[in-house]
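Chains: A, B, C and D, in written order; residue numbering restarts at 1 for each.
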Amino acid sequence: MRTDDSLLISAEKETGRLEAFSDGVFAIAITLLVLEIKVPHLEGESPVGLLTLLIKQWPSYLAFFLSFITILVMWVNHHILFTYIKRVDKRFLFLNGLLLLFVTFVPFPTALLAEYIQHPEAKVAAVVYSGTYLCIALAFNLLWRYASNGYRLLGKNVDRALVESINRQYLLGPPAYLFAFFLAFINVAASVGFSMLLALYFVFTGSLWRGNSD
Amino acid sequence: MRTDDSLLISAEKETGRLEAFSDGVFAIAITLLVLEIKVPHLEGESPVGLLTLLIKQWPSYLAFFLSFITILVMWVNHHILFTYIKRVDKRFLFLNGLLLLFVTFVPFPTALLAEYIQHPEAKVAAVVYSGTYLCIALAFNLLWRYASNGYRLLGKNVDRALVESINRQYLLGPPAYLFAFFLAFINVAASVGFSMLLALYFVFTGSLWRGNSD
Amino acid sequence: MRTDDSLLISAEKETGRLEAFSDGVFAIAITLLVLEIKVPHLEGESPVGLLTLLIKQWPSYLAFFLSFITILVMWVNHHILFTYIKRVDKRFLFLNGLLLLFVTFVPFPTALLAEYIQHPEAKVAAVVYSGTYLCIALAFNLLWRYASNGYRLLGKNVDRALVESINRQYLLGPPAYLFAFFLAFINVAASVGFSMLLALYFVFTGSLWRGNSD
Amino acid sequence: MRTDDSLLISAEKETGRLEAFSDGVFAIAITLLVLEIKVPHLEGESPVGLLTLLIKQWPSYLAFFLSFITILVMWVNHHILFTYIKRVDKRFLFLNGLLLLFVTFVPFPTALLAEYIQHPEAKVAAVVYSGTYLCIALAFNLLWRYASNGYRLLGKNVDRALVESINRQYLLGPPAYLFAFFLAFINVAASVGFSMLLALYFVFTGSLWRGNSD
């Protein structure tokens, strides 16, 4: 009743719509982060100036910046995966949904970290923060393993060496974020600094990008 | 003045734009849910730690999670319907708008449920919450009946057996959410638990997906 | 240097991107409306129940509903216009931006109306509310006149009778919303009711839709 | 293993997805601006009317309007650049991310300026505000230089004279916003007025648009 052609076309359309929905979620999550930065209120005849107040809320800017580049790195990775994925099935839709669940959650631990980074209980906030990223790294791996296992959802012309190279690189994410997670129990600054390094590492040297692998 | 070809192309473009707009609304509604989770504030020398405060607001996480997977299931269903719908007309645009009206409303009953689930008046919140989902299930049925009735907006090559199978499955939604709605008057936990089961049932076993039906 | 073909393709791509951006703005504005509905807070041992508090904030639901369907009607109209528009130029981009300026503004007068509809100063809120819609109706006319004047941005195969029919219908919008605007100075309920009727009229009988015009 | 054709198609798809993601971020940032305008609260038997309160918060409307048109101008420019860009690489993705970082940040300095424009410390707010725009202008230049340098990411059929004309025009942005930035240290009104003039200049006379250059 349906020819192979129509199946291919509809597969491409469905993949496209999943990308569009995911892009929407990434774009909104990354833009909502700014709502966490509050305008400071100067009281009556405060001896402290506005500039001082603005500088004092540096944790908000730091958390905004860290969450922004981490979500951006995730979006770039998501974007790259979909250049290899040619079909989606229902399980994949929901695994992608699991990833988006953690991505939409990011503004909460970001605000939590910004509020408590200088507080005696900063560790709790840092554990929740790095724990969220650990969950995202795990969901990303699940998504990729499911799609690439036996070329389940990949295009036939995707290079086997490329798939294995992505496999190897993806194995790095969860242990790295697990390390940041455990670091949070010991030293907040070290954990946040390590997460920042991880994101910058992916920005500047990550070789997942096809342009570099060909 | 217009050939059949141009009509088909414009029909596809219009359907595409409706999907894009709906995707945007789904993506924003699902991402706004996180704004309902508030960063807890530790007062001066509180004997209660941050971890305790974070755990105490478990209703917020539960409501976030339940609303997230329910909206995700709806989005997947919407996505699947549009693989069969090939044309839109003005009435369909507004029926789809009715569905989106209830979807954009979801963050409010979610926040309401999170705030009152441990309160003596939790039943009111649970009734509003499950009532919203009942409205969504009804709007979904209306949308599908309108599109599928006499193949009004379906592609000609859509299998009749498939349409009837969707019809049967869609009949389950309203009574199931009606049951959750009535349960809310009797027992809040049972109603919320049943809604959770419903969403997870659709995630794990729902057979609406073409991949399983072919 | 550029062939007519590449110009046509790029024109279509540019129009598509403008539609996507506008759809995003409409979708976000329509979804942000729900943030205006606040969860009511029960104080200590209040003699008033949650249900009573929820019912008492009916102006929020009314304003949410009215703004939702009005933005939806605008989106449908915008959607329909773009089935005739085949090119965009820079002026059109900014006229469309003017329309979006007023559309993104809608959540503010909506929240204002919800807060003050039962207050002695409700008229001020209703004037701002209906004034915003008047501006939208004017921006819509400006956009359509600019695009349709001398077929500046329309496809060549768009029926002249259709263009004139849209012209006539568009002439109705500004006076109707001007009437709602002046009504707001006299009677708030009448103005809000009239705006509601206008939106429902466009939903149920508006004949702008091609399906009805062919 | 991959033909030139498939590379071209995938390049177009990737460029398209980057545009869609960027459009989403622009659309959300521009729509979130309205959340900064707060509904004024009348206290008990205040001698001041609602109208007076609404008028008194003119800095909010001014900041909303200025930020709206500035983001709109940026979006139009982004839109235009992408009519010349035919490929993306990973560095470009992150340079675009840098631009989006500053764009999503805009609602914060907007709210800051609205709150402090009549305060003795208005200069601090104006410096942050114009500094944000300076960063955006710099990021835009970086993005364009990277893409256009040696036609790295441009289509082959893009006119060399056009590229040089854009180069020249882009050189104007950073010094102009640098001027607004320094002006903010001296006179807030002058700096804000100059930013407004800049945005309106781009709206009314900017000749970046291809329609005018051909």
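In the analysis below, a residue touches a chain if its C-beta (ideal position, glycine included) is under 8 Å from a C-beta of that chain, and two chains touch if they have at least 3 such contacts.
Quantities reported herein were computed from a predicted structural model and do not represent experimental measurements.
Two copies of one sequence, chain B and chain C, touch each other mainly through non-matching residues, since under half of the numbers at the interface are common to both. The best fit of Cα atoms from chain C onto chain D calls for a rotation angle of 90°, in steps of 5. Seen from the C-alpha centroid of chain A, the farthest chain centroid is that of C. Centroid to centroid, with C-alpha atoms defining each point, chain A and chain D lie 25 Å apart. Here the CA centre of chain B is 35 Å from the CA centre of chain D. Counting partner chains per residue, chain B has residues 20, 24, 28, 32, 35 touching two or more of them.
Taken together, the chain B residues at the contact with chain C in this complex read 1-2, 6, 10, 13-14, 17-18, 20-21, 24-25, 28-29, 32, 35, 89-90, 93-94, 97, 100-101, 104-108, 111-112, 115-116, 119, 121, 124-125, 128. Residues 19-20, 23-24, 26-28, 30-35, 37, 39, 41-42, 49-51, 54, 64-65, 68-69, 72, 75-76, 79, 82-83, 157, 159, 203, 206, 209, 211-212 of chain C touch chain B in their complex.
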